[in-house]
Amino acid sequence: MTDASAPVLHYDLDHEGDVSRLVYTFGGVDARVSLAPGTVVDTSSLDCFAGQIRSEHDHASVVCDPRYLNPQTGPFYVEGALPGDVLAVHFARIAPRHTAGFSTTVPLFGALTANGFTQMLHAPLPEMTWRYDIDQEARTVRYQARESAAMYTLPLDPMHGTVGVAPALNEARSALTPGDWGGNMDTPEMRSGVTCYLGVNVEGALFSFGDGHARQGEGETCGVAVETAMDTVMVVDLIKDVSPVRWPRIESDTEIITTGSTKPLEDAFRISQVEMVHWIAELTGLSMMDAYQFVSQAAQSPVANVVDTNYTMVAKVKKSYLPGTNAMNGVHARLKAIGEAYLATR
Amino acid sequence: MTDASAPVLHYDLDHEGDVSRLVYTFGGVDARVSLAPGTVVDTSSLDCFAGQIRSEHDHASVVCDPRYLNPQTGPFYVEGALPGDVLAVHFARIAPRHTAGFSTTVPLFGALTANGFTQMLHAPLPEMTWRYDIDQEARTVRYQARESAAMYTLPLDPMHGTVGVAPALNEARSALTPGDWGGNMDTPEMRSGVTCYLGVNVEGALFSFGDGHARQGEGETCGVAVETAMDTVMVVDLIKDVSPVRWPRIESDTEIITTGSTKPLEDAFRISQVEMVHWIAELTGLSMMDAYQFVSQAAQSPVANVVDTNYTMVAKVKKSYLPGTNAMNGVHARLKAIGEAYLATR
Amino acid sequence: MTDASAPVLHYDLDHEGDVSRLVYTFGGVDARVSLAPGTVVDTSSLDCFAGQIRSEHDHASVVCDPRYLNPQTGPFYVEGALPGDVLAVHFARIAPRHTAGFSTTVPLFGALTANGFTQMLHAPLPEMTWRYDIDQEARTVRYQARESAAMYTLPLDPMHGTVGVAPALNEARSALTPGDWGGNMDTPEMRSGVTCYLGVNVEGALFSFGDGHARQGEGETCGVAVETAMDTVMVVDLIKDVSPVRWPRIESDTEIITTGSTKPLEDAFRISQVEMVHWIAELTGLSMMDAYQFVSQAAQSPVANVVDTNYTMVAKVKKSYLPGTNAMNGVHARLKAIGEAYLATR
Amino acid sequence: MTDASAPVLHYDLDHEGDVSRLVYTFGGVDARVSLAPGTVVDTSSLDCFAGQIRSEHDHASVVCDPRYLNPQTGPFYVEGALPGDVLAVHFARIAPRHTAGFSTTVPLFGALTANGFTQMLHAPLPEMTWRYDIDQEARTVRYQARESAAMYTLPLDPMHGTVGVAPALNEARSALTPGDWGGNMDTPEMRSGVTCYLGVNVEGALFSFGDGHARQGEGETCGVAVETAMDTVMVVDLIKDVSPVRWPRIESDTEIITTGSTKPLEDAFRISQVEMVHWIAELTGLSMMDAYQFVSQAAQSPVANVVDTNYTMVAKVKKSYLPGTNAMNGVHARLKAIGEAYLATR
């Protein structure tokens, strides 16, 4: 496939209120649109509040309906996708649609508060909302304290918290949950420029995405990042001739990345590390034990989220440590070229 | 205190077999030597195997006595140290003493195997040893596979896995365990150039250190890093006029870092993040809720170890995000200058 | 409602192969049959293997299709059930349909083996099947060792491992998973004679059940109980005038019981205990703190399962400790009387 | 040894304030008294507050010094005890010394509150104290609510929360912590009439005990049971000819019981279950896999504590399920007879 020949799907949401292109589960919903492998998708997503937080005076528990949190754009039916295939989604561009993002605390949600699973007898922490100015030129977001006049500047680093396909076993999972189908992994590694690999469970894959973050700390500690609607350009492809991908993977220009999503957090760690051991063994020809040793010295292992209904860990290994390897038959470089060609001509 | 006036303590181990300067617990042992705050300590440490692994044909379960694993150099009695004070240990230089390091698997120890706490009915994974060539000029270590001829080169990044003081409550804790006294945290953040802050629990603090790693992946997944004896230059100081430090902290030139060590891993995460929220609130004057929000967007949160008797997480925030703040009254910059002055004249 | 007037629904499976009355998820499937509150349901269920294990020579990984494990009888549409109501299901009789039950190990499944979430690098434990003779007269099951001639006799104690309703948020959850909708809780407390209370999430409740166990240890340690098809008589009712039930509850003649299903196991414990604190506060008028104290001294807290995709804990308090209280307005005694009347006249 | 010949050690505390017979760690302290195997020890223990809570108006955070919580009577040096031996402690009688016991909440301690390890940003729950009348004739304790006039009666069931020996690896562990040396397991199974088995780690074993509870719920949810000083008669013996006991075990007239103490709670479960699998295999000659299957159907698995620095689970199997087996060569029956003979003649 050449860059010039890449089909393009323009698929915009009606950001003024038509919700027919939004879904709230992975699985359990019909495809909204179909595309061929290799298609450039020029699209957008709402923020996790469905746009209902409009100032620091809005509280999620008041303005949001829990049934309609974290709306996803999709599902996209990928022609030819069958269980066992690997879906590759390259994020050529993730750009905040607005000049402000919002973060909040939510009663009994978050890592440093009693919550619906780590139940306790405490009253909730205060519910508060923070507004961040987003400056796309300067590539910054501006933190503004609520209980003082302090301001701090942080780098803009746009990403999607939620990316996934329909799960196996006929499950339909809330867009608030991450798992082996992807979903609400909330890792800052899902940033502009990377390719995400997802194992296909059902015909057509039924890919959806959303939950844009202008930036996010590792752990998403209070449960909410700098949430914002996004304009997103993806290149979506299908890989047929590789080993099955059991848990979502990511590839950047410089790193290969595995994920695991479950509780307790050490089990999420274990999944991400076992996945990396097996991936490296496959890429290099190392034995399992040799790959275990290599990963033990080479991996970076940041937290993604410790707030959602499953927790997510990632394992990362620099490609420069593994000269001569070529993950997923080079699809990342190929999709990146397609994305750049499209953006250059848009 | 001026650099020129810094007292110097030369305290070398007898690497040929006198073990009188080695201990295996934090607490429960008498001080070996006393020093004044501000002293430069020019010293060394054995590797975690007490030097008993000498080739890839040595197995830890054969050549090591479990009672004498992870020998620590110390304890150092710091004059004037009282419970509630903060001990500052600046690692001016951590240099591998030898040109080889070793890593191993150990039966029923490690993150991806049944072990003494995550007990299962499996037979152990194979016990194997890997030898790494250490090139201090090139700043690399060379991984050599055991079950093939593959070789990979990784950056040299020397650190100490174990750094701590005597615990509270008259406890004596094995040097294999991390906790609020420090101990076997096994974080690569404890690298050459940083300052570690430890809350003092007993008169004299009774500081010890050891477990040098030529490098380590985040998580120390198989349980063993690239282990090597170290020549280490530290500057040890006492801080009296700051808030108590309940869990070990680290400061580098670019970051402030908190730690938490317990199980499950999400509780280690919670500790490190709560510590960072309170530290940032104190440094900036932000309210607790405002600091919670800031940390949620700003923190990096890598795993340290998921293999020891407690697991360790760290939280990191770039100092550049917090202009105008001055952690621990600037002790890091001061100790760094002392260390550099000493090294320049050695 | 009088016993004599209770409507009766005979709803038998075709145990010879028609699977149209079986489902594999809670949610995501249409009701198979409708019933009025107060109905006696005289029905049956397949075992978790869908009957495919027929001797100790059958292995689950060979004879079972993972998509069709743990078939559930249902869903039953309960007329008038609306979100916020409480569904009461009294198990008047749970009787093994056959004279043999089977248990197995399953590769990479169970509490004392590496598994799909606690991932490790071990090869699976051996896959084996055990046959238990069931003697309904003697009320026993007979354990027969596979690797020796040893035999032991254990009490028959029939129960359903899986009981639940459609989840909230439009989720469809595999029948292998427990959660706040019930599902695969695998607690021996769900035995013949108890009443289960489930919060209704969708119109009609969409109740299903299955996974009969002739008996089960607490924890279901190897992941599989003494599995057997069951003939079951239930009385299904709806409670409209009580506080919402957020997590499944059970009432026996002698105890009130709460459940929590999540990971890690301490969070499942917390949920079950918080639920018990609130239930006791409501039943007795005790303040939250007084109820917390009471539960701390009064509760029994056995494990249910530590093998499924969520782990389940229960908390139990003897009714004799709380004279004068009347859980759920006495529905347990009322449904029990209906069930006994039906069984007496059958 | 005949009952008549059993040596007797009277070892009473000075309950009026001499603390020379009290210790606060397992390990790290010298033996206070020596005894021969087979000795009857007629002794007593303080409550966990060292007697400082005297009414419901006393708060632990005010009247107790954290360094002197949970005082232990001991250590007892058992003549001839060597590492690898098994210490058997039969509790012939555990009788509350007073007519009142106390329970409290403690700020940031307990299962349903943020605490020192599950750190959060909540303010503590209210600190309160409850007084229980203890009626030894009626075998009851009386719960009296603090925020209403409600009263409830619960069975008296005296036990020791803390029983242990010196740990391995020269560790000294706070009496607030449980582990493989025993310690603060807080299981109601450690009741009057049982025999506790502890693996010996150091010469003389250095056994201590304390933390009497008039009764305790499973989990000790608020962190504090019905605490009371105890008059205790034990028979202490040494077993040389059995397999090592790696984690504390208990034997009652009707059950064999294993324990595991760590976090997360599922790992404590795993330890207790693996221990039971191996114990049953040893007692019966069953293979490991056959014993795994048997335990999966036969075990009861209650929580002990989910509040201490490690959590404790127990696994129980009824002896009646295993006719013909004889745990620990019958030491329980033998020590019980000695204890009864002593009590009959006292």
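Letters A, B, C and D mark the chains in the order given here, with residues in each chain numbered from 1 onward.
Quick note on the criterion: a residue touches a chain if its C-beta (ideal position, glycine included) is under 8 Å from a C-beta of that chain, and two chains touch if they have at least 3 such contacts.
Note that the structure is a prediction, hence the values are computed from the model and not measured.
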item: Partner chains shared by chain B and chain D (touch criterion as defined above); value: A, C
item: Furthest chain, CA centroid comparison against chain B; value: C
item: Separation of mean Cα positions, chain D and chain C [Å, integer]; value: 34
item: Chain A and chain C: spacing of chain centres that average the CA atoms, whole Å; value: 36
item: Chain A and chain D: spacing of chain centres that average the CA atoms, whole Å; value: 49
item: Sequence positions of chain A contacting 2 or more other chains; value: 112, 118-121, 125, 263-264, 266, 270, 274, 277, 289, 292
item: Complex interface listing, chain A residues touching chain B; value: 103, 105, 111-112, 125-126, 128, 130, 132, 141, 143, 145-148, 150, 152-154, 215-226, 263-266, 269-270, 273-274, 277, 284-287, 289-290, 292-303, 306, 311, 313, 315, 321-322
item: Interfacial residue positions of chain B with respect to chain D in the complex; value: 24-25, 27-28, 66-67, 117-121, 169-174, 176, 260, 262-264, 267, 270-271, 274, 277, 288-289, 292
item: Partner chain D, residues of chain A touching it in the complex; value: 112-114, 118-123, 125, 264, 266
